[in-house]
Amino acid sequence: MDFAYDTTTGQLREKLLRFMDEFVFPAEPVAERQLAEAADPWARPAVIAELKAEARRQGLWNLFLPDAEHGAGLTNLQYAPLAEITGRSPHLAPEALNCAAPDTGNMEVLAMFGTEAQQQRWLRPLLDGEIRSAFCMTEPDVASSDATNIATRIERDGDEYVVNGRKWWSSGAMNPDCAVFVVMGKTDPDAERHRQQSMVLVPRDTPGVHVERGMHVFGYTDAAHGGHAEILFDDVRVPADHLIAGEGEGFSIAQARLGPGRIHHCMRLVGIAERALELMCRRAVQRVAFGKPLANQGVVQEWIAESRVRIEQARLLVLKTAWLMDTVGNKGAHTEIQAIKIGTPLMAEWVLDKAIQAHGAGGVGQDLPLASLWAQARTLRLADGPDEVHRMSLAKRELRRYR
Amino acid sequence: MDFAYDTTTGQLREKLLRFMDEFVFPAEPVAERQLAEAADPWARPAVIAELKAEARRQGLWNLFLPDAEHGAGLTNLQYAPLAEITGRSPHLAPEALNCAAPDTGNMEVLAMFGTEAQQQRWLRPLLDGEIRSAFCMTEPDVASSDATNIATRIERDGDEYVVNGRKWWSSGAMNPDCAVFVVMGKTDPDAERHRQQSMVLVPRDTPGVHVERGMHVFGYTDAAHGGHAEILFDDVRVPADHLIAGEGEGFSIAQARLGPGRIHHCMRLVGIAERALELMCRRAVQRVAFGKPLANQGVVQEWIAESRVRIEQARLLVLKTAWLMDTVGNKGAHTEIQAIKIGTPLMAEWVLDKAIQAHGAGGVGQDLPLASLWAQARTLRLADGPDEVHRMSLAKRELRRYR
Amino acid sequence: MDFAYDTTTGQLREKLLRFMDEFVFPAEPVAERQLAEAADPWARPAVIAELKAEARRQGLWNLFLPDAEHGAGLTNLQYAPLAEITGRSPHLAPEALNCAAPDTGNMEVLAMFGTEAQQQRWLRPLLDGEIRSAFCMTEPDVASSDATNIATRIERDGDEYVVNGRKWWSSGAMNPDCAVFVVMGKTDPDAERHRQQSMVLVPRDTPGVHVERGMHVFGYTDAAHGGHAEILFDDVRVPADHLIAGEGEGFSIAQARLGPGRIHHCMRLVGIAERALELMCRRAVQRVAFGKPLANQGVVQEWIAESRVRIEQARLLVLKTAWLMDTVGNKGAHTEIQAIKIGTPLMAEWVLDKAIQAHGAGGVGQDLPLASLWAQARTLRLADGPDEVHRMSLAKRELRRYR
Amino acid sequence: MDFAYDTTTGQLREKLLRFMDEFVFPAEPVAERQLAEAADPWARPAVIAELKAEARRQGLWNLFLPDAEHGAGLTNLQYAPLAEITGRSPHLAPEALNCAAPDTGNMEVLAMFGTEAQQQRWLRPLLDGEIRSAFCMTEPDVASSDATNIATRIERDGDEYVVNGRKWWSSGAMNPDCAVFVVMGKTDPDAERHRQQSMVLVPRDTPGVHVERGMHVFGYTDAAHGGHAEILFDDVRVPADHLIAGEGEGFSIAQARLGPGRIHHCMRLVGIAERALELMCRRAVQRVAFGKPLANQGVVQEWIAESRVRIEQARLLVLKTAWLMDTVGNKGAHTEIQAIKIGTPLMAEWVLDKAIQAHGAGGVGQDLPLASLWAQARTLRLADGPDEVHRMSLAKRELRRYR
């Protein structure tokens, strides 16, 4: 259980920290301005293209991808501290490094399971940051945290698959650059529980694809993540070679996709919490109320201390999880992967709530990133299924030893 | 300590409940649609005018105003259960009944302290629901929960007062119908601490008034409350007779304004929590996950039970506060007024959080009122000063007995 | 919903408050000393007999008993504020007034369901404070919060009932003055679920009754409540006329017994919390740490304010419950009776925890009542079944409206 | 940051786990019985001497002492996982291995700062487990978490020091084998703040030492820790060579003593929490309520999952702290040393509370270790100063970067 930075990580951290200071943080107000002036609320601000070019020039590109052929070839433990750093500016940095969800998961899936042709057509431009992608899993009418409930159908018809169903919270699909959807559906409802599902690639412009609207998240469009679309798939036909891996592989692909995504999300949350704590501290030393700085007031001191304790604990658990995934695999790290999903968003939400409170009314408004980051942390208590599902599952594994 | 509904309250409750069922709830989707189609994001949906006309016709009008000459002449205890009912549709019902903040507070101030001319010009059209108003207290650069920090200046110059300063979170000011601002500022910075402040009426179209932008609340514009504006007052000149009550009266007017506002806010929060609980229960009986309805799952049952316990407790404390205000006045009810400000938003926030969680991703989106109501409850932990200020003050009063 | 003190309550409160000041609080150190010097750890300190005599002389006697023939004839709402006052010295005052559990419940049962002979033999001396009694419900081997699980058998054999079974947490049974046990068991395991149980009176000295040991509560013997015994009933024979009410009535007697007991417990908890808050405040103004009194430190102020808010809410809900029981009966007050069982011990536990923390190491020791009161509050989260059972049941009732 | 077990730790763990299974757990009921039958409530059960002999024979002895000359020479990181294991039977295992507080801290102090003669007279028999010792720091009348408040005087008078003062919560002093006290007092109240204090060795039988009573902890005597005594030092004279290190060194000795003690306490708490979780799981699979095992009930599953998440996080933070202390020293690990003091007792308290609740009434009684372990965890929120002091201090360090 060695969490120290090795040489590679150490060097990348230094480079990335410099990149954040020189390019990303200065780009934040620029992006705000460009967004405010944009005609298309879903278009990404122009400054991001510049950040991407610079990041790629510096070799800060596709760091997330463990596959050394297509990506940086880092282990989870090597990438985790870098993901944390990008979490300090989560609306710009992950995208600048081509390390933003849901493309990361989709690229991993394509790198692991894609055919040569699929990789050529979609993985290549994704790796180059030329297109974006979406992941279509959640459905409005069923508890889709239980994959056996998925109602969308993917049916073979000659040389084609026909997709019918309704998805929502399809992250990334509102981004104008989004070119392809990874869609989960059932090819064989009569197969064994976890062999009913398949995943298929659906180009966005395929007839029958209706991107109906962007779902809001506590009032935000979440355009930085390409929004979360409600999509109707109405007799959508794609060539049979658009299937990923094979019929019945959908569930196991989804499982493989999960682990690294959790590490990324959770490390970014740690970075988000660090940024919130920094903002809270800066506010505390500057703001005077009732005759003394907030920094001298006991309640604010408690928030700061408690934030530090919680952040440290969460970070260590995510690092341990990354290390476990690298050494014993996703399956061996199952308990930890669930544990960080349960613990980290709550931690970040707590720290953000206190940082907001320390800022007064300004904390809930648009001049600070706190409220929108809070919404993001809160939403992660529901993403990939509500925490309660993960607690139930973790408990069952814990109890198994005693039965 | 008698909280029972008297005959008046009982009759008004019945009438109001019927009004909610027949007019308000059916108007919710209409308002949503009108808002979605509106050109001006700040304009109120047309259906509200219809609701107002109907409410007035039915005598469900200005119920909040204890002044029997201008309003319904109800006591706080009589009005409280009615305010709770309006909280079940908080974006429509309070406005429909002409009982929406911040006009309620402004009307009370004008009814209590306004001159005949001020009442004619502003109170009358406010009571008739023809114009709206804003309250300008909070400032960006100081901890304005401590009124002695207010930096805005109101200076006498001949027959005029000259207002200079910057306000933000001025609720109501983005509403196109908002015609007048009640502005808190200092007339005499050298006077005794609580005699430095005054309040002045500033017509919105006065030269030098710059409504710069609407502040967001967790991504929402909060247009239903007329938004929360940042406003620059730059050498704004108003006739001397626009002053309310007299120089140095600003602090005590603000104090008088506080108590009833808390009752209103808190009873609406109780109504909001009831609505959230109802939505959670409805969801629980309908949604099946892992083979059984949420309603049969222990964790969801805990949320529901705990919500009921918390709601009951909060309601009773607000009712007691209302009763105290009616019987011993604002001052005698000081501890309770602070207690409900501390306890009720947290209660509502908790219930809403669980209701959101029970709805999965849908809970954070725009198809349900839960996320926006959560943002409202969360913001009330900061409105009128952060809870921490009120806890500090309540504790000091409690400790006084032992010194 | 009128919670005001009527004349009777007002007069009794005054008298009782005076009695507390003149007799009970001064007796606390005396009782401590007598207990420390006692040979029998279960004997009650001699000072209690004096308190009882004085209380009876003053008419502060059997106030709990709504039956006007045998007791004070007060309503629940009238008695509740008196129970709160006794909670300020919970190890002496309830017993001094002959209002201590479990005798109160047993006396109620005997007054309601006892035969003339049963009343003569047991109710009379209980009402006179000459004997004590115990209630034997909980069993070690089954989840006895579900009465259908009760394993103790009460079998008819000629003119006798034969009792066999093991009970624990039989409160009151270690008290040397305890003369009789009210025992719950099954007379007919084949009857309808809630008609299987009966209650029988078992004199303590009946052959076959083995009081094996006193259970500890966080290190305390809880001798003030007569301890909590583990008792083996081994072929214990009592005359058939020792049955209460009739075969199959056990469950409904237990239900009838529950409501008032909750009011008593919960109001005493409110009194306990008030005492804890008072001790915390006194400590806060006296103790200096890091250069200023605790009373001036923000964190301690938060504890005090939050305590006040929670106490007020809990008290109001208990009062409402008492009022409901008086007006619509136990059944109509079911939700509230469960709500106070869920909310009040947690409230008291929280306040006590903070009061302990404010006292430093002294808070957990024997010089202050805080630690032992904490243990009492904590245990009430389990008494009459764990809170979780009550939350589940309350939720089911709440959900019923939506099915 | 490498937390993996090295070979030494791995071998010791295996040996210790076997020792626990073969000797310690079987000794638990034996010790209970011996304690119940003991005449002297403070005497340690005879089985402990056997455990000590066996542990020493196996080389599981003085593992805590980093000094290789006198102890096992393990680093903090090597010892931490062993301390966790002893926490699974905290009333026997630490003492069996001669690794129990407060002797551990006292031995460390003597090993680091003791003179040859002091080591010969006290360290040797302590290392051999022949005598026990106490640490006398806390005082009843001052906030002694701030060392500058210490009121006990240690005054030079010729060849002697004269000690005057009152201490309480002097852990270990009630143990009949306790032979010596390490006493903190002031030699020079006029010196610089942190040079006023000194530490002196006081043999227990020195005239003027009055061990007045044992303080209780939630009803427990805590005899397993040698109790917590109130001691009057009344003109107690010891030879001048009984001073440790030198006049004015008291504060820095206390600081040096702190770090390792925290690691020990916190790792044992992790072990305690693991044991509680195991008991909760075992109960959950065995106990049936309302028709299904607790293990199948959602609320209990949440407790189990949340316990696992919290335990994992706490353990990692303690391990990191141990590693930091080994690599950068106590000072460099200051934040983490405070963080584990704040976070770990709360974690253990939470897990224990849930384990208690899962056991029903039995959870608060003497048949399970849960209630007494809870009392221990709760008390650690106050030991070495209340958590609030540590949060304040941690926050100040965090804020320093932004000033």
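Each chain gets a letter, A, B, C and D, in the order it is written, and its residues are counted from 1.
The rule we apply is simple: contacts are C-beta pairs under 8 Å (C-beta built on N, C-alpha and C of every residue); 3 or more make two chains touch, one makes a residue touch a chain.
Bear in mind the structure is a predicted one, so any value in this text is a computation, not a measurement.
Trainee: Chain by chain, through touching neighbours only, how many steps does the shortest route from chain B to chain D take?
Mentor: 1
Trainee: Just grab the chain with the largest centre-to-centre distance to chain B, centres being mean Cα coordinates.
Mentor: Most distant chain from chain B: D.
Trainee: Where the CA atoms of chain A average out and where those of chain C average out, how many Å apart are those spots?
Mentor: A distance of 53 Å separates the two centres.
Trainee: Whole-Å distance, chain B centre to chain C centre, using C-alpha means?
Mentor: So the centre of chain B lies 43 Å away from the centre of chain C.
Trainee: Just curious, how far off is chain B from chain A if you go by their C-alpha centres, in Å?
Mentor: Result: the chain centres lie 37 Å from each other.
Trainee: Can you tell me which residues of chain A touch two or more of the remaining chains?
Mentor: In chain A, the residues touching two or more other chains are 298-302, 388, 392.
Trainee: Of all residues in chain B, which touch chain A in the complex?
Mentor: Listed in rising order, the residues of chain B that touch chain A are 138, 140, 143, 145-146, 149, 168-169, 215-221, 228, 287-290, 299, 356-357, 360-366, 371-372, 374-375, 378-379, 381-383, 386-389, 392.
Trainee: In the complex formed with chain C, which residues of chain A make contact?
Mentor: Touch list, chain A to chain C: 297-302.
Trainee: Please output the residues of chain C touching chain B within their complex, sorted ascending.
Mentor: Touch list, chain C to chain B: 1-4, 277-278, 281-282, 284-285, 295, 298, 300-302, 304-306, 308-310, 312-314, 316-317, 320, 335-336, 338-339, 342-343, 388, 390-392, 394-396, 398-399, 401-403.
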